[in-house]
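Shared between the two complexes below is subunit A, which has subunit B as its partner in the first and subunit C in the second.
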Partner chain A sequence: MNLSHLQYRDTISKSIVWLLAIPALLVPTIILGYIFWKAAPVLDWNFISGAAEGIGFGVTEGIFAQLLGSLLLAVMACVMAAPFALGTALYYCIYASSRQQRLLIAMFNMLQGIPPIVFGLCGLVVLVNLFSWGVSLLSGAVVLAMVLLPLLVLNTLAALERIPLKYTEAGRALGLDSSDIIWRLWLPRSWLNLLTGLLLAMARALSETAPIMFTATVFSGVVWPDSLFSPVTTLQTHIFYLAQEGNDSQVISIAWGSAAVLVLLVAVFGLLARVLKKLEAD
Partner chain B sequence: MTIDPRHENFQQEALPSFDTVSPNREAIALQVERLGLQLDGKVILQEVSFSLPVKGVTSVIGPSGAGKSSLLRCLNGLLTQWSGSVAVNGCDTRQWRGGWDQLRRHVGLIAQKPVVFNTSIRANVCFGLKSWRQRRHADELVEKSLRQAALWDEVKDRLNAPATTLSMGQQQRLCIARALAIKPRMLLLDEPTASLDPHSKQLIEQSMLQIAEQTPLVCVTHDLAQAQRLQGSVIFMCDGRIIEQGPGEQLFAQPQRIETREFINWSVCDCD
Partner chain C sequence: MTIVLVVGFLLQSSWPLLQQQGIAFVAGTEWYPFESLYGMLPALIGTLWAVALALLIALPCGVAAAILSAELLSPRLRSTVRFGMELLAGIPSVVYGLLGIWLLIPLLESQFELLTGRTLLAAGLLLALMILPTIMVFSEDAISAVKQSQREAAKNLGIGWDATLWRVLLPQAWPGIRIATLLSMGRAMGETVAVMLVVGSIDRIPEPFYNLLQPAQTLTSRIGREMAEASVGSLHWAALLFCGLILAILAMAISLLTHRQRLVV
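And now, the complex of A and B:
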């Protein structure tokens, strides 16, 4: 096999890889570009900061209430799921036998594969109807927390597994017990990675619509939730609602505007996660 | 990264106190009898028996894979699924009051590569301190431990500097100081000077000799010259077994076993 033949093969394989990679890069870029192009006419500060207080309900006014609702649900869900995720990950690392570890991983991978609408349905039956919490902020946050839990557990495990074994062994060799190892070695060492996982979970929470549609959100009549048991309005369901009014061009452009803001919000959390990852690497 | 306490099933009730004294406690700090270890079906240690005096250095030499590091990890309780018996100051380590964590406080282990925690030099030395009384006297303890580890003069003016700013040799001495701060009854060192420069090596050896005047010290080393410099007794291991043990001068000058002779002459050891 001479050199030119090897170069020829290399060029062909490189071309195939490029041909396969370009659509994967191009399609999301085109979609994102299209969203922002369509959103550009409505996208201004008044649109983002204006609260829908009148009958317009985000159709003729701003989307601040929806934006805040989305953030509120995502933050509550993360706050609820994070301690359980940390506890599960620590149980996995410290107490679980290798069989239990395999079982836990299989279970969380399976849970991650369950369509979120199924969680929404369970939330509707159990929380909204059986517990009589109604369509509320609390019901939505709990269901969303359940959706996020597998992701957070796997993220937390990944963060803990990045701690070198020699570090733990050095602590063990000093006679530190499991709680010392957790509080004095693992958490100080991995908090940036844990926070990164939490931010990625926030981004995921912001992109979930199905679980909160039945359990937390209403399409009209609500601006701010009065209590944990009040319904809330979110960007995700707002876009869904506006998209159904497909004939009205003004409404559709507001839907594009809302979508652009949602994409930006998810991107902000994704970027923050990247910054933290870089900080950790440094 | 998994801490595995599955083998930490101690008989917590009716534990003998640390002061349960064997008749020859005064003379023997560590008594190992028929120690065996299998990991994933592979025999790592078999029929290992020896004892250590209450002070002085014992060097463990042998080819790679002889089970030297595993032996130290069994003695320290980092590995717990071994068979046989290990008694520290006459007390069976399986029945140690407070379990393996407490045992590890009494039997310090220094790894081959220094692992310093991401805090200050001072905080590193104090890392193993648990009791309020120890923490109250932390300053004295830090100075004493760093002096014993021959590091005090180099770091006394920057105790609050990050430990990661120290050189490898200094980090290893910091690890020794950190282990000494919890006042272990015995110190195990796993090739403490491997990959260090000659000056750091010399400082650590001096420090080890000084520590060994009060505390028994076991040092795994590949460096036969170091084993000779450290004086004391020498254990030669191969294939998980002790082949020969005795005073260093005797073992190096007149080895009784052919395997030992071959190893000392840098031949390939074939114990079978």
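And now, the complex of A and C:
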């Protein structure tokens, strides 16, 4: 009687878990499928290469310019943030006292928690208006770099911490100075992990919309920006504007197509990072 | 340094408003930029509701999915589920916004026979969907980090799966689940694009307060909607920057909570 009572309870709680978990697993999957199902009619090579005909009001069917703008912004942001992140992480490992270390970690955790739109606002106030860089590639890239910085720093730290301590101690015992340890020991041992962090940062940069909305993008009319100070178009904001174009079903299908391309792009960077991680583990 | 800079710039830029109206406008219920009324209460309540709703839905489902995948599924299936979740966590928020407008809102409109589906409920549901993968991945980490010997000990004591779950697994995984909750709370609060597409952006406190089927406003959606309209240096501009300041302060408070927890663990 006691045993069957126990089994009875087990069955109940197991079924409650299943009941709650099934929607959590199914709904997102269905939604992913829905995006691609909606995007399927417009997805072809012409759509991506931008060769398809325009359909008026600045809406071209191809998304080449947007794709280019997104990638350009993300790459620039990563290139800007990476040296700072590496520098901060090295400072943390070599020079910082344990009090400073705690402070740094707390600070970057805090920075990571600040909503991206707040960085966007700061960029708008300081870069766009105060420095009068205008709505431009440079402003957007700097704001995006700020969003990426905590992520990159924490990733770099994790990568450096994975190097066994005895290597560093052996290096020190051999009389290597800090720069030798960094160049001959840490970087060769951890570059795969650092690259993984960079790829994750790229994926993050490609999926952010709020920080670049006011600082870097216009709706249309740009394919390749003339200079650092001209605005770009991006996939993210393209989807955002098209989504609000109420009643034209063709426009909406372009939005779905762009969304599918963006999801794929982010997934590719995520997958690359995963492959590298596996490679490192082996 | 950067934090001081960020907060400093926001404070300095929103200073004209504070100087003119004191701090009392935060509790005001009316937001009419053209009449210099900048009550923050509707957007604050909207943000609170949206985040609470999202957590209420996503937390039980996410943790249940984590238990399922950590305890009940075969290792192979488990890594598939995990991979899928990590993939889903990477979907850009603007894509969720698109889904919200063209899938969720028509659905809500037909279900509840609403004039407009742009409601707090829509925002809450969408946010729940967005934070679900985060909650699941973190909770799964926490649950599978519980030592195998503990599970075996529980089995040997004959206390059954149900009691093992409640008395052994969940208490030990709780710090991790707590961190997941706080992180996703911060994310839900700061989410802009998806929310502003579905929340309706009307400054109104839900009436009565549990009515989620009305259009509302959150701090982020207000910034997103009105930033382009406000002229540089005006009071309106200052008020919007003050919204940003509130967001930053709330986010820092949340991450402080997370951090303290991390030190203890």
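Following the convention adopted for this analysis, the second predicted complex is superposed on the first by the 247 of 282 C-alpha atoms of A that agree within 3 Å, B and C clash if a C-alpha of one lies under 4 Å from a C-alpha of the other, contacts with A are read in each partner's own complex, and residues count from 1 in each chain.
Following the convention adopted for this analysis, a residue touches a chain if its C-beta (ideal position, glycine included) is under 8 Å from a C-beta of that chain, and two chains touch if they have at least 3 such contacts.
Quick caveat: nothing in here was measured; it's all calculated off a predicted structure.
Looking at the superposition, the partner that touches the larger set of subunit A residues, subunit B or subunit C, turns out to be C.
When the two structures are aligned on the shared chain, A:Arg189 is found in touch with subunit B, with no touch to subunit C. Of the two partner chains, subunit B is the only one touched by A:Gly175; subunit C is not.
Subunit A uses no single residue to touch subunit B in one structure and subunit C in the other. In the complex of the two chains, the subunit A residues touching subunit B come out as 93-95, 97, 101, 160-161, 163-178, 180-181, 184-185, 188-189. Across the complex, subunit A is touched by residues 2-3, 5-6, 9-10, 13, 58, 60-62, 64-65, 67-69, 72, 81, 83-88, 90-95, 97-99, 101-103, 129, 132-133, 136, 160-162, 165, 183, 186, 189-193, 197, 220, 223-224, 227-228, 232, 240-241, 244, 247-248, 251-252, 254-256, 258-259, 262 of subunit C.
Across the interface of their complex, subunit C is touched by residues 6-7, 9-10, 12-14, 16-21, 23-25, 27-29, 31-32, 34-35, 38, 106-107, 109-119, 121-122, 124-126, 129, 146, 149, 203, 206-210, 213-214, 236-237, 239-240, 243-244, 252, 255-256, 259, 262-263, 266-267, 270, 274 of subunit A. Considering their complex, residues 1-3, 5-6, 76, 78, 101-106, 108-111, 113, 115, 117-118, 127-128, 130, 175, 178-179, 182 of subunit B touch subunit A.
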